[in-house]
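Take a look at this one; I'll ask things after.
Letters A, B, C, D and E mark the chains as written, and numbering starts fresh at 1 in each.
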Amino acid sequence: MMHCYLYLSIILFCLGIVGVIARRNVFTVFMSVELMLNAANLAFITFSRVHESMDGHVLAMMVMAVAAAEAALALAVVILLHKHKSKLDTNVFSLLKG
Amino acid sequence: MFADGLFIGFAVLAVLGAVGLVLFRHPMNGAMSFVVTLISLAGLYALLSAKLIFALQLIVYAGAIMSLIVFIIMFLNIQPGDLPQEETKLFYVLGGGIVVLPIGLFLAKIVKSLPEHSTEILGNNFGGVKEVGLLLFRDWLIPFEIVSILLLVSLVGAVILAGKRGTTK
Amino acid sequence: MFEHVLSVIIFLPILAGLILLATPASRSVARFTGLAVSLATLVLSLDLYAGFQATGHLEFVENIPWIESLGISYALGVDGISLFILMAGSVLLPLVYFVFGTREKGYYANLLLVQGAMAGAVCAADMILFYIFWEVMLLPVFFMLGLYGGPQRLPATLKITLYTIAGSLLMLAAIVYLGVSYHAQFGEWSFAMDKMAALNLTGRVAAVAFFGFMIAFAIKIPLFPFHTWLPDAYTEAPTATTFVLSAIMAKIGVYGVIRFVVPVFDLEFARFAILLAYAGVIGMMYCGLAAIAQKDFKRMLAFSSASHMGVIALGVFCMNIQALTGSIYQIVAHATSTGVLFLFAGILEERTNTRTIDDLGGIAAKAPVFALYFAIAMLASVGLPGTSGFIGEFMIVLGAIKFNTAVGVLAGTTLIIGVCYMLWMFQRVFFEKTASRSENFKELSLVEGLAFLPVILLIIVMGIYPHPFLSKITPSTALQFAQPASVVAQAPASNAQNLGLTIEQK
Amino acid sequence: MTNDLMLLMPLIIVGAGAILLMIASTYDKFTHELAAYGSAGVFAVAFLVQLSSCIAGNVAPFSEVFNGILVVSNFSKAAGLIILACGCFTALSSQTYFRRNNFCSPEYYSLTAFAAAGMLLLTMAQELISVFIALEIMSLAIYILVGYDRKNVISTEAVLKYLMLGAFAGAFFVMGSALVYGAAGSTKFVKIGQYLAANGMLHSPVMIGGAFFIMVAFLFKAAAFPFHAWVVDVYDGASVPVTGYMATALKTAIFAVFANFLVIDGALQHKWITFLFYISVLTMFVGNLIAIGQQSLKRMLAASGIVHSGYLLIALVAVGTKDFTGSVIAFYLAAYAASTLGIFTALSYLGGTGEARKTFDDFKGLAKARPYSAAAISIFLLSMAGIPPTAGFMGKFYIITSAIDAGQITLAVLGIVSSIISMWYYLRLIIAMYFHEASEQFDEPAPSSLAPVCTFILVLCVFAISLYPIAV
Amino acid sequence: MEQSVNYLGLIPLFPLLGAVLIGLLHVFTCNRTKLPEKVYGILACVGPVLSFVMALKVFVALKGLPPESRFLVHKAFTWFSVGDLHINMGFLADPLSCLMLLFVTFIGSLIHIYSIGYMGGDKNYGKFFAYMNLFLGSMLVLVLGDGPVVMFVGWEGVGLCSYLLISFYSEDRSNVLAGNKAFIVNRVGDLGFVLGMSFLFWAIGAQGFDYLSLKAHVNDPAMTQGVLLTVCLLLFVGATGKSAQIPLYVWLPDAMAGPTPVSALIHAATMVTAGVYMVARFSFLYAEVALAGSIVAWVGILTALLAAIFGMFQEDIKKVLAYSTVSQLGYMFAGVGVAAYSAGIFHVFTHAFFKALLFLGAGSVIYALHHEQNIWKMGGLKNKMPKTYVTMVIGALALAGCPPFSGFFSKDEILYSALATGHFGIWAVGVLVAGMTAYYTFRMIFVVFHGEPRDHHAYEHAQESPAVMTVPLIILAVGALFAGLLNLPAIFGGDQIVSHWLAPSVTEHHPHAGVFIEILAIGASVVAFAIGIKIAYAKFGKGAPEPSFTGFADFAYHKFYVDELYDKVIVQPYKAIGSSIWKVIEPNVTDAPVKGVARLYMVLGTAFKVFQVGYVRVYALYMVLGLSLMSLLLSQSLN
C-alpha cells in the first residue's frame, strides 16, 4: 500500500513540474509549485507512517509553513507584476536576456 | 478494503485536481481544482494516521493559503485579456509530460525498490496533537524557532513588495 | 654583503614601483626614482656577482616557510645560470632611464615592477614563488604595452597577454602535478625546485606535464610555432617594453627550460629533445627569413630576436655541456646586443618619427657614435668573433653538431641568415644618402653615450675575454648533466616506479 | 547550553539585529542611513564575535548544538566569517549606493541581516528541514532585496524569475528530503551517515534519489549547469549591492552547506563524483561562453560567478570526506568573495544614478579620471582571473592542488583551460578602463566615502588573504 | 719542442689598438673640429711598422732555432673553456705563419704609407685608417692564431673589414651592396669553416684544439677517412668564400668595383690569400686524404680558368685585375691541392708583390684620368706616364709568368708539382690559363698604354702621378722582379729557400719527377706565355677600337651570367621565401590556429547568448531537461 501512496506522490510531483514548465500563467505556475510541495508532503507522511515515527509530521508542518511564507511572497510579487504590466504572462517579463 | 477504496477515491480526485490545475486556463478554475487536490490529500493524510497534519492541511493549506490565493486572484480583477494567450498549451503540456517522464520513471523505480509496507491506521496516539507537539517542542525546537524568522521575513517582504508606502523617508 | 640581498634586489624595485603608482609623483620624480633604484639594484647585483662563489649550487639562499602544509616556502637563491640573467637585467635596465626621459610616471613605475618581478622569477627557488613572479612580470608588460604602445597596440596586447597566460596556466597545472607527485613519492609536500630532480616521472601524465612546462616556456621564449604574438607585441610595444621582453623576459623562458624541464623531466626531455631542437632551428630560420621581408626596423629586430632565441633554445635542447653553456652565455650576449639594438631602435623612432626602413638613410654620417654603437651591437648580434655573440653561438653550433648533425648544420645557417637582414637594414638606415627624415637626426648626447658605453664595452669584453664569465657558469651547467646520474643512483628504482604509477592510477 | 549559545552568538546577534532594525524602521526618524550604520555595526560585532571564537575557542570540531540539528565546525565558522564580512561591506556600500539611488527604506538593512542569519544557519545546519528553512529564510530575504526597486520593471522581472525558479528548486529539495527520510528514517546528517555506513549507498536507491534531488537545489542556488540560466538575469536585475551580496555571501553559504552535505559519507560523495565532474566542467565552460558575449558588466560578473561555481565544484569533487576541513573551499570562497564584493562595491559608487553605467564601454577611460578606483577594480579582476599575487590565484592553486592530489588531473586541467578562457572578459574591462579614451568625465564625486573605503579595505584583503597559509 | 715567447700577441695588438684609438678619435671629432690628417697618418703607421719590426724579431728568433723545432707559442689567456672544449687566446709562430707575417706586415705597412697620400683630403680620413689598422690586426690574428678558433676570429675580422672598406663610400648604394655581398658570401664560407671546426673538434679536439695538438692526434682512430674528408671539404668551403673560389668567387670582382684601389689591393694581395694559408695550415689534414686535395686542386684550377675567361673580356681595368686575382688564387689552390703547399704559399708571396704593383699602377692610371676605369677610354698613356708604364709592364710580365719574373717561378712550381703528382688535367688547364693570363694582362697593357688615345679630353689632362705614389710602385716592381729568386728551383741553380723554410710547418712530400718533366713544365709555361702575348699584341698592340662582343665573347663578357643566375636562384628566392613567410605563411598557417581559436571563441560567445532567452519558463525547462537526463543516467546505474 505504501507504494501506492508514493506513486501518487510521484504523479502529483510530476504534474507540478509539468505545470511549471508548460504554463505561462503566473498563478498556475505558483500553484504548481505548491502542488509539488504537497506531493513531497505526502511522501513525508507516508514515510512517517512507514517508519512509525512522527518526525515526518513535524517536517510536513515545517514545509507547510515554508509554503505559506513562499505563497505570501509570491502573491506580493504577482501584485507587483500586475501593477507593472497588468499581465499575468511570464513571457511578458523577458526584458533581461542575452 | 474500505481504506483502499478511500485511497483510490482520494487519489483519483487528487490527480484530477492536479490535472485541472495544470490545464485550466483561468487561474480561478485552477485554484478551485487545486483545492480539490488539497482536500483529497488531507484525506490521504488521515488514512496515513496523521491526524494533526490532516487537520492542518485542511485549515492551513486548503483554508488559509488557498483563500489567500483566491483572494488575490479576485483582488486583481483579472480580465480574460490579462491572461496569457496559450493556444499551444496542450502541446506544451504533452511535451512537458514527455520531458518529465524520465524523472517520474526514475522516482518510480527507486520507490519500487523499497520493500512494501502496510499503511494500516495506527490505533495509538500516533500523529496526535500532543505527541507531535511534544516532538516539535523538544526535538525540533530550532527549526520551529527559525520558521518564525522565515515568516517574519515573508511578512516584511510582502509589505515591502506589495505595500503602498513611499519609497524613502 | 648582507643576508637578504636577493630579497632587496627583488623588492626594492617592486616597492618603488608601487609607491610611484600610488602617489601622484611627477614624471621627473618617477624617472629619477627609477634611475636611482635601478642603479642601486645594479650596485647590489655587482656586489652579489663579486661574492658569487661559482660552486654550481644555489648561493645566497633565503628560505622562509610560507605554506608549511604544502611545503611551499619563500625560497630564493642564485646559481651560475640564474646569476647571469639577473645580472643582465640589472646591468641593462638603468639604460632605459637614461635614454627615455620624458615618459609618463606609469612607464617608469611599470618598468620598476617588471624589473623586480623578473629578478624574482630568476631567483626563486620554489616553484610556486617562481610561478608568482612569472605571472607578475607579465602584468607591467600588459599595462605598458596597452598604455604606451603604438597605434595597433590593443590587439597586440591582448595577443601577448592571453597567449602567455594560457601557457603559464598550463604550467601551473604542471607545477602542481610535480608537487603532488613529490608528495606521492616521498611522503612529504614540497615545491622546492632542487628537490624535483629526484622525482621519477613516467607515463602519459608525465609527458603531459612536460608539455605543460614546455608550452609555457616555448611561448615565452618564443619557440616556433608559438612565436606569432611576438612580431606585433615587439613592434607595438614602447621601446622599454620591447627591450625588457626581448632582452630579459624571453631569457627567463629559456631559464625555465633549464631549471624545470631538463632536470625534472630528464626522460621526457631526452625523448622529445630532437623535436624541440628542430623547433628551435626551424624557428631560427623561419624568423630569420621573415626578418628580411620587414619594412619596419623594429619588427625586423623583433624577428631577429626570435630567430636568435631559436638558437639559444636549441642550445638547451642539445643536451651537452658546450651547447648549454653556450646558451647561457648567448642569453647574456643576446640580452646585451638585442637590448641595445631595441633601445637604439627606440631612439631612432623617437628622433625620426618613423619605423619604416625606407624612410631612413645616411644616419652614420649624421651620428657616428650612434652608428658605431649600433654597428657593434649589430655585429654582436650576428655573432662576429671578438664580440659577445660569437662565443655562445659557436658553442651552440658545436654542441648541436654533437647532438645531431643535421640540426647542427641547420643551426650553423644562422651565421648567414642573421647577417643578411642585419646588413640589409644597416645599409638602408645608416648608409646611403641621407634621407629627409634623418636629416636632422641628433647624435647621442654625452650622457646617453656614456650610459651605453659600459654595455658596448661589455659586448666586446665578453667576446674577447669570456673566461671569467664562463667560469661562473660552467659549474652549474656541469651540475645539470651530473644530476640525473646521481639521482638514478640514489632512488631505488622499483620503489619509485611503484609510487609513480600510483599517482597515475588514482 | 551556554557554550551552545556562545557558539551561536553571531547568529543570535545578527537575528536580533535584524529584528531590531525591522522594529526601528517603523520610526520615521530612523533613516535608512542610520539603518545602514546600524546593520554594519551588527555585522561588525557579529564578525568580531565569530572571529574571537575562531581564534580562541577551538572547540571540538564537531561540537553539536541543539540536538544535532546545528553543528559548529571550523569550516562553518570560516564560512560564517566570510558571510558576516560580506554583510558588513554590503551594508556600507549600500549606504553609498542609496545616496544616489532613491528607493531605499530601513527595512532593506533589516533584510540583509535576515538573509545573513539564514546563511549562518545554513552553514551550521546539519538537518535537512533546517537546511530547507534556512535556505528559504535566506532566499526570501534575497528575493525581496532583488525586487526592492518596485518602480523598476527590470527588478520585478528579476524577482519573478528568481522566486519562481527558486521555489521550483526548493520543491525538489523537499522531495529529496522526503526520500532521504524515507530511506534513513531521519533527516539529521548524523543519522543519515550512520544509515549509510550501515547499509551502503548502492543498496539504497531511495537514498540516491533523495540525495540527487537535494543536490539539485544546491546546484540551483550555486548556479551550476544546467541550473544556471537564472543567474545572469537576476544579477542584472538586482541593484548593485544586492548583486554583490548574492554573488558572495549567498554562494558561500550554499557551498558550505553543499560541502557539509556531501561529506556526510564517503560513499555518498563518491557516488556523485562523476556527476559533479561533468557538471563542474559544463558549468565552467558554459559560464565562460555566456560571459564572453556579454556587454553588460553585471551580466558578465554573473556569468563569471557561474564559472567560479564550477571551480568550487572541482573542490567539492576533490574534497576528502575523512577529516574534512573544507579549508580549500573556504579559502576560495574568501578569495572570491573579497574580489567580487570589491568590484560590486566599486560599482556601487561608480555606476552613477540609476546604474547608468552598465556596459564595458561605459567604463572606458576610467583610469584617467579615477586612477585608484580603476586600479582597485583591476586588482579585483585579476584576482578573479587568478593572477598572482592575489588571493584568487592562491584559491585556484589550492583547488588545483587538491584536485590533482585527489587524482582528478583531467578536471584540474579543464579548470585551467577554463580560467584561460575566462581571462579575456576580465582583461576586457581592464583594457576598457585603461587603454581607451574616456567618453565621459566621471567627474561626479562619490556620494559618500564609505564604499571607496570598503573598496580599499577589500584590496588589502585580496592581498592579505593570499598570504594566509592553509592546509589542503 | 715549442718555445714560449710573450711578444707574439703584441703583433696583432699594435694595429688593433691603433684601430681603436684612431676610430675613437675619428668618431668624436668627425662632426666637430677635425684633427689634422697628419695625426691620423702617423698614428696609423705606428702599428703596422711596429708589427713589422716584431715580425722581423720573430723571424730572427725562428731562424735561430733548429728547423724541426721552429715553433714559438704565446698563450695570452684562456679564451673559453667548457667541458672538453679548451680554447686559448694563443698565438703560434712557425715558418709558415712567419712568412705570412713578414709579407703581411711589410705590404701592410707600405699600403699605410701609400694611403697617407692617396686618401688625402677625404672627409673620412680617420675612419679609413681605423679600418685599415683593424684589417691588419685581424689579418695578423688570422695568421698568428694557434688554432682554428683563433684563426676564425681573424678570418671573420678581415671579412668585416672588407665589408667596411668596400662600402667605405657608403653614400653610393652600389658600394654598400658590394660590401653586403662580400660579407654574406664570406659568411657562407664561414659556415663551412665553423662546421668543419665542429666536426674536427668532436673527432680529435678534446685533447687540445690548437694546430700542434691536432697535428699530434691526426692519426687517432676517431679521425676516420670520412671525418677527414668532411672536415677538409668543409674547411675548404670556408676557403672558397674567403679566397673567392668557385662557387663563392662572385664577391671579389664586385669588391674591386669599390672606390678605393687601396682596399682593392688589400683584398687582392693579402686577405684573399687567407684561404690558401688556411689550407696550408691544415696541410696535416689534407695530406691524410688525397681526395680532398684533388677536389681542392680541381676547384682551384677551374676557378683559374673561369676567371681567366672573364678577365679576357673585361673593360674595367680593376675588374681585369680582379679576375686575374681570382685566377691566380685558383693557381694557389691548385698548388696546395696537389700537396705542393710551399709552392702555393710561394705563389701567394710573389703574387702579393706583382698584384700590389699592378693595382697601385692601375690606381695611378685611374688617378691620372680622374677616376676613369674603362680601358676603352684610355690609350697611349705610355708617353704621359712613363714610370707607371714601366712598372706596370714589369708587374704584367710577372703576372703573365714571363721568366725570370717572380710570377714565373711560383706558377711554374705549381704546374710542375701538378704534373709531377700525376694531375695531368690540372697541369694542362694550368698551362692554358697561363696563356690566357698572358693574353688578358697584355691586352690591358696594350689598350691602356699603347696606340692612340681614345678620349682626348682625358688624355690631355693626364699626367704622371706624384712621387708618393710612384715610389711604392718602384719598390714593388723590384719585388716583382726578384722575389721569385727566393725559391729558385734546383734546375736554375737555386736551392728553394722558401720551400725549405716552410718544410717544418707543412706536411708535404716533394715529388721528384725528373728533369724531363721539369723541363716540360717550364717549356709549356713559356710557350703558353709567348702565345698569349703574341695574340694580345696582334689584336691590341697597335691600338684597336672598342670591340662589340657577340656569341661566346658576349657570354663571357657578362661573366656567364653567373651573378644573374645567383640572383635568380638564390637571392630572389630567398627574398621571396622571406616575404611569403611574412605575408602568407605567418598569417595563414602559423598564426591561423591562434586566430582560429580566437574566432571560435567569439563565435561561441555570441552563440551562447541565444540560450539566455529571458523566458523564465525556458530556464525551468533547462533545469528539467538536465534533471531528466541525469535521471535517465541514474536509472541506468541503479541496475
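Operating definition for what follows: a contact is a pair of C-beta atoms (placed from the backbone, for glycine too) under 8 Å apart; a residue touches a chain by one contact, two chains touch by 3 or more.
On a predicted model such as this, the values are computed, not experimentally measured, just so you know.
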Contacts common to chain C and chain E (chain labels): D
Which of B-D and A-E has more C-beta contact pairs: B-D
Most distant chain from chain D, judged by the mean position of its C-alpha atoms: E
Of all other chains, the one whose Cα centre sits farthest from chain C: B
Centrality ranking, top chain (CA atoms only): C
Intercentroid distance (Cα basis), chain C paired with chain A, Å: 64
Distance from the mean Cα position of chain C to that of chain B, given in whole angstrom: 70
Distance from the mean Cα position of chain B to that of chain A, given in whole angstrom: 6
Centroid spacing, where centroids are CA-atom means, of chain C and chain D in whole angstrom: 42
Chain E residues counted as touching two or more neighbouring chains: 609, 612, 614, 616, 620-621, 624-625, 627, 631, 634, 638
Shared interface positions of chain D, touching two or more other chains: 129, 133, 136, 140, 143-144, 147, 150, 159-161, 164, 168, 172, 179, 182, 205, 208-209, 232-233, 293-294, 424
Chain A residues counted as touching two or more neighbouring chains: 6, 13, 16-17, 20-24, 29-30, 41, 46, 48, 50, 55-56, 58, 62, 66, 69-70, 73, 77, 80, 90-91, 93-98
Pairs of chains satisfying the touch condition: A-B, A-D, A-E, B-D, B-E, C-D, C-E, D-E
Chain D contact footprint on chain C (complex, rising order): 21, 66-70, 72, 128, 131-132, 135-136, 139, 142-143, 146-147, 153-154, 157-158, 161-162, 165-166, 169-170, 172-173, 176-177, 179-180, 183, 205, 208, 503, 505-506
Contact footprint of chain D on chain B as seen in their complex: 106-107, 109-111, 113-114, 139-143, 146-147, 149-150, 152-154, 156-157, 159-161, 165, 167-169
For the chain D and chain A complex, residues of the former touching the latter: 129, 132-133, 136, 140, 143-144, 147, 150, 153-154, 156-161, 163-164, 167-168, 170-172, 174-175, 177-179, 181-182, 185-187, 232-233, 236-237, 293-294, 299
Complex interface listing, chain E residues touching chain A: 609, 612-617, 620-621, 624
Partner chain E, residues of chain D touching it in the complex: 160-161, 164-165, 168-169, 172, 205, 208-209, 212, 216, 220, 225-227, 229-230, 232-233, 275, 286, 289-294, 421, 424
